[in-house]
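Both complexes below contain chain A, partnered by chain B and then by chain C.
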Partner chain A sequence: MPESIPADSVGLVAPKCEHFDEPIELECGRQLASYDLVYEAYGELNADATNAVLVCHALSGTHHAAGYHDMTERKPGWWDNCIGPGKPIDTNRFFVVCCNNLGGCHGSTGPMSPNPETGEPYGPAFPMVTVRDWVVSQARLADRLGIQRWAAVVGGSLGGMQAMQWSTDYPDRLAHAVVIAGAPRLSAQNIAFNEVARQAIRSDPEFHGGNYLAANTVPRRGLMLARMLGHITYLSEEAMRAKFGRDLREGKDEYDFHYEVEFEVESYLRYQGKSFVNRFDANTYLLMTKALDYFDPAAPYGHDLAKALEPAQVPFLILSFTSDWRFAPSRSREIVRALLECKKDVCYAEIEADHGHDAFLMPIPQYLAVLGTYMQRVANEVGA
Partner chain B sequence: MPESIPADSVGLVAPKCEHFDEPIELECGRQLASYDLVYEAYGELNADATNAVLVCHALSGTHHAAGYHDMTERKPGWWDNCIGPGKPIDTNRFFVVCCNNLGGCHGSTGPMSPNPETGEPYGPAFPMVTVRDWVVSQARLADRLGIQRWAAVVGGSLGGMQAMQWSTDYPDRLAHAVVIAGAPRLSAQNIAFNEVARQAIRSDPEFHGGNYLAANTVPRRGLMLARMLGHITYLSEEAMRAKFGRDLREGKDEYDFHYEVEFEVESYLRYQGKSFVNRFDANTYLLMTKALDYFDPAAPYGHDLAKALEPAQVPFLILSFTSDWRFAPSRSREIVRALLECKKDVCYAEIEADHGHDAFLMPIPQYLAVLGTYMQRVANEVGA
Partner chain C sequence: MSELRTDLQMVADWIHPGARVLDLGCGDGSLLAYLHAQRQVTGYGLEIDPDKIVSCIASGLNVLQTDLDEGLSDFEADSFDQVIMTQTLQAVRRPDKLLDEMLRVAEEGIVTFPNFAHWRLRYDHSVRGRMPRSEALSYRWYETPNIHLCTLRDFEELCHTMNIRLIQRQVMSHDLKRLRMAQWRPNLFGEVAMYRFRRAD
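Up next, the complex of A and B:
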C-alpha cells in the first residue's frame, strides 16, 4: 500500500468496460455473440489520436498495468516499472491502453462470465481463444476508442506474440511493434511444461470437468501446482540461487527430515502457488496456455517465419534477456533473423539480466534505457 | 522381449535377497531394527574378491541393472548399455553388484514393506533415508558378499552421489569412484522441481497422508504429474525438439482446439506418467527426492567441498554431458575443481550429447569408450 502516490506514477486509476454486440468469429470455428472488454488507460489521447500505445498482457496478466486502484492496494499494476510520467512508456506523451484479454478472469468475457444461453458461467463451454482472436478484439476496442493506428503495440512474453500478430494482421493500424522476451512459437519443452500444468488442473478432483463453479468449488491444488511450476520457468537458475540458494527456513542449519517446508525456495513456491489461486481462474489458465501452444505464425507459410512476417510494414524493437530460459535470447534472434530476411526495420538488444523470464517486469536500468529511447523515437515520429 | 539373448548380454538373471538383523541407525535419528536388501549380481567374483564393482541406482532405478528376468521382458535392465561381457563394465572381468536402495519399492525394505511393529505396510511411517544411510547399508551388503574393497563404486545422477559418499565414508573400501552426470548438491532450481513433484503427490486426495495402501488406493494422478515433470528435466530442450518438435499426433496439420492430447510431446509425457504409476510407489518417490535434496557433503565443512572430499583416497572418473541441464557440466566441474584442490587423482570428460540428463543411460559411443577405457584401467589395477 503506498503512503502517497509516487510522482512518477500514473496515480489512481479505474478500469473501464466496453460492451460489444457484434459477434466475433473465433479461430476455433466458434463465435461469441457478444462480449465485454475491460481495459485501463493512462495519459491523454491527443487530438489526432496518434499517440496511443497498446500494451498486451501475458499469461497471468490483467488490464491493470500501472498505477493504483486505491490507496490500500499493496502493489501497483504489473508494468508500473515501464508505464508512467517520465517512464519508458511515458504517459506525458502517450495514451496507454491495456485490456484484459478475451477469455480472461478479470472482467473481460471469459469462462467465469455468464453464458447468455444458460445464465450460468461458461466454464468449460467457453471457446478456445487464440492470439489472432485477441488481436481482432483489440482492433475493435481501438475502433471504439477512436484509435485508427497505434503508435506502438507493445508486449512481453505472450504479450509480445500479440504485438507480432498485430504487425501482420493489421499492418496499417500500428506504427511500431515491440516484442519483449518473446518467441515465434513454443518449443516442445515449453509445450511440455504447459501440458503438466494443464494436467495438474484437469486431474484435480475439484475440477469437475471444468464445471467447478457450478459445484461450488475450485481446483485449488491443481492451479497451485500449475503456478508453482510456472514460477520455476519464470526465474533463472541463477536468480533462484541468489535469492534462496539452499537456505533453510528460519535460519536453521539442520534438516528436520519431514515433508513440510524446509528450504526457503519451497516456502516461496508454496506462497506463490497459494496466492495465485485467490486471484486466477483455472479455466482461464487452461485457455491461456493453449493460446501459447497454438501460436505459430510461420506454420501456414511452410514454417518460413520470414514469409509469415512479410505483410508487416512497421519497424520492430525486439528485446531479450540473457538468463531467460523460458524464451531464451535465441528465440528472439529467430524473429530478428526472419525480419532481416524480409528486409524489415528491426532493432534488437539482448539485456544482461539475472532474473530469467521475469526480467521483462523488472526495473533493470539497461532495459528501461533501451525501451525508453526507442519509445522516444516512436513519440517523436507520431507527434506525441 | 528379446527373441534370443544378445551375445553381449549378461543373459537371464534373478534377484537375490539378503536379510539384515543388525539395526541400522539412520541419519534422521531413527533406526530400522531389521531390513532386506534385494540385489542382482553379474559376472564372477574372483578368488581374492578384488574384482567387485558396485553400481548405484538413481531416483527411479532398481537393482535390475542388466540382463533379462525372463524371455517376456520387454527391455533389459536399466544400464544394460554399460554392463555385460565386453561392455564398458565388462562382466568377463568384473563381478557387478547392484542393490535396490533402502526405502525402495522393488524388494528392499521400504514404505511398501510390512512394519514389524504393526504388520501393516510402513507407508509414511518409513523413516527418511539419506545417501549416507544407503552407503552404510551397501557396506553391510559388501560384508555379506565377502567384498572387503570394491574395485569401483559407480553411479549416475543420484547414483553418482552415492559413489562420492563412498569415497569419503569408506575410503579404504573402494579402489575407484566413478561419478556420472552428478552434482555436489542440488541447486535451488533442482529442489524447486522436487518440491512441485512432492506437492503433486501429497496434495492428491488419494494420498491419504501417505496411508493410501491402507485405504486400498494409490495417488495415481500425483505420481503421474511428478513423473511427467521429471521427464521434462531428464531430456534436453534439443532432444525434445528433435524427438517431437511441435508435431501434432497422427500426422494432423490442424489444431483440434480441445484439451485432449494434440501434440506428440503431450502424448509422450502422459504415457511416461501413466506407465510409471504401475511400477513405482509414491512414498518411495517422496523419500528419494528428499535424499537428493539433503545430499550436501560440503555443508558440515563450511560449504568447502574440497575439505569434504579430503578423506577420499581413490582416483575419480567424473563424466558429464553437454546438454544435461538437470545436473549440468558446470556441476561436475565443481566436483573436479574440489578434487584438484585437495590434490586427488581425477579424470574428467564432458561428453557431447543431445540427450540431456538421460544421456547417462544411452549408448553414446564417446561415453562408452571413455567409461570402458577407465574401467579397463581399474580391471588391470585390481587384477580382474
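Up next, the complex of A and C:
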C-alpha cells in the first residue's frame, strides 16, 4: 500500500468498460455475439489522436498496467516501472491504453462471464481465442476511442506477440511495434511446459470438466501447481540462486526430514501459487496458454517468418534479456533476422539481466534507457 | 549536425549516395546519421556497447546489438551495397573471416585501421624497447582491445591471398603536413589506413 502516490506514478486510476454488440468471428471458427472489453488509460489523448500507445499484456496480465486503484492496493499496476510521467512510456506525452484481453478474468468477457444463451457462466464453453482475435478486438476498441493509428503497440512476452500481429494485420494502424522478450512462436519445450500446467489444472478433482463454478468450487490445487511451474520458467537459475539459494525457512540450518515446506524456494513458490489462485481463473489460464501455443504467424507462409512479416510497414524495436531462457535472446534474433530479410527498419538490444523472463517487468537501468530513448523518438515523430 | 571525425568524413566520401550500408562497430552512430542526412543512405549499424546503442537509437538509426566475433550470419548474401568497418578490424577475433563475411553480405567493403608500421611505433619498439603507442593507438598493452594489429603491407598481402581486389587506398595522419609525407611512404608515415575493396572476379 502506498503511503502517498509517488510523483512518477499515473496516480489513482479506474478501469473503464466498452461493450461491443457487433459479433466477432474468432479464428477457431466460432463467434462471440457480443462482448465487453475492460481497459485502463493514462495520459491525455491529443487533439489529432496521434499520441496513443497500446500496451498488450502477457499470460497472466490485466488491464491494470500502471498506477493504483486505491490507497489500499499493495502494489501498483504490473508495468508501473515503465508507464508514468517521465517514465519510458511517458504519460506526459502519450495516451496509454491497456485492455484485458478477451477470455480474461478481470472484467473483459471470458469464461467467468455469463453466457447470454444460458445465463450461466461460459466456463469451458467459452471459445478458444487467439492472438489474432485479440488484435481484432483491440482494433475495435481503438475505433471506439477515436484512435485511427497507434503511435506504438508495445508488449512483453505474449504481449510482444500481439505487437507483431498488429504490425502485419493492421499495418497502417500503428507507427511502431515494440516486441519485448518475445518469440516468433513457441518451441516444443515451451508448449511442453504449458501442457504440464494444463494437465495440472484439468486433472484436479475440483475441475469438473471446467464447470467448477457451477459446482461451487475452484481447482485451486491444479491452478496453484500450474502457476508454480510457470513461475520457475519466468526466473533464471541465477535469480533463484541469488534470491533463495538453498536457504531453509525461518533461519533453520538443519533438515526436518518431512514433506512440508523447508526450503525458502518452496515457500516462495507455494506463496506465488496460492496468491495466484485468488486472482486468476483456471479456464482463463487454459485459454491463455493455448493462445500462446497456437501463435505461429509464419506457419501459413511455409514457416517463412520473413514472408509473414512482409506486410508490416513500421519500424520495430526488439528487446531480449540475457538470462531469459523461456524466450531466450536467440528467439528475438529470429524475429530480427526475418525483419532484416524483408528489409524492415529495426533496432535490437540484448539487455544484460539475471532476472530471467521476468526481467521485462523489472526496472533495469539499461532496459529503461533503451525503451525510453526509443519511445522519445516515437513521441517526437508523432508529435506527442 | 556536429563535425564528423576526420576519418569518418573521408569514409563518407567513398559512400555512394542512396546506398544500402551496413556499419560494423558503428559506435554512437555519427557516421550513419551523417550518411543518412547527407547521402540518403539506408541501412543498419552493428554495435556491442550498450551506451552507444542508446545513442544510436536516440539518433533514429537502425542499430542491432551484435558481437562481430559471431559473424554476420543474420544477414543474407548481397543484401548491402557497401559495408563499413572503421577502426574495428584490429579488435575482432578473426579479421580474415570477417573480411570474407563483409564481402558475402555486400558488394564493396571499406575498412580503416591503425597502421602498426607507422614510424613512431617502429621507434617505440625498436629503439625504446616499449610496446608502441601513438595518437591513433592510445591504449596501454595490458588494456588494449586491439588484438590483431597489422600494417598496410600485411593487410594488402592478406587481401591478395584472399582474392580481394583493392580499389582505393588512403592514409591519414593527425596533421596535414605529415599527411603529405604519408602519401609518399604510406606504410611509414600513415597513421590510419583506409581501404575500399571488392571480391576479385
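FYI, the second predicted complex is superposed on the first by the 384 of 384 C-alpha atoms of A that agree within 3 Å, B and C clash if a C-alpha of one lies under 4 Å from a C-alpha of the other, contacts with A are read in each partner's own complex, and residues count from 1 in each chain.
In this section, a residue touches a chain if its C-beta (ideal position, glycine included) is under 8 Å from a C-beta of that chain, and two chains touch if they have at least 3 such contacts.
Remember, predicted model here, so these are calculated numbers, not experimental data.
Visitor: With both complexes superposed on chain A, which partner does A:369 reach: first (chain B), second (chain C), both or neither?
Guide: second
Visitor: Between chain B and chain C, which one contacts more residues of chain A in the superposed model?
Guide: Looking at chain A, the partner in contact with more of its residues is B.
Visitor: In the superposed arrangement, does A:71 touch chain B (first), chain C (second), both or neither?
Guide: Neither: A:71 stays clear of chain B and chain C.
Visitor: Examine A:346 and indicate which partner it touches, taking first as chain B and second as chain C; both and neither are also allowed.
Guide: In the superposition, A:346 contacts chain C only.
Visitor: Which of the two partners, first being chain B and second being chain C, lies in contact with A:17: first, second, both, or neither?
Guide: Neither partner.
Visitor: Identify the partner contact of A:33: answer first if only chain B is touched, second if only chain C is, both if each is, neither if none is.
Guide: In the superposed model, A:33 contacts neither chain B nor chain C.
Visitor: Scan A:191 for contacts with chain B and chain C and give back first, second, both or neither.
Guide: The answer is first: A:191 touches chain B but not chain C.
Visitor: Report, in rising order, the residues of chain A that make contact with chain B in one complex and with chain C in the other.
Guide: none
Visitor: Would you pull the chain B residues touching chain A in the complex into a rising list?
Guide: Going by the criterion above, the answer is residues 28-29, 127-128, 185-189, 191-193, 195-196, 198-200, 202-205, 221, 224-225, 228-229, 231-232, 235, 237, 240-241, 243-246, 255, 257-259, 262-263, 265-266, 269-270, 273, 286, 290, 293-294, 296.
Visitor: Which chain C residues qualify as touching chain A in the complex?
Guide: 44, 50, 53-54, 56-58, 60-66, 74-76, 79
Visitor: Please output the residues of chain A touching chain C within their complex, sorted ascending.
Guide: 315, 317, 333, 336-337, 340-341, 343, 345-352, 366, 369-370, 373-374, 376-377
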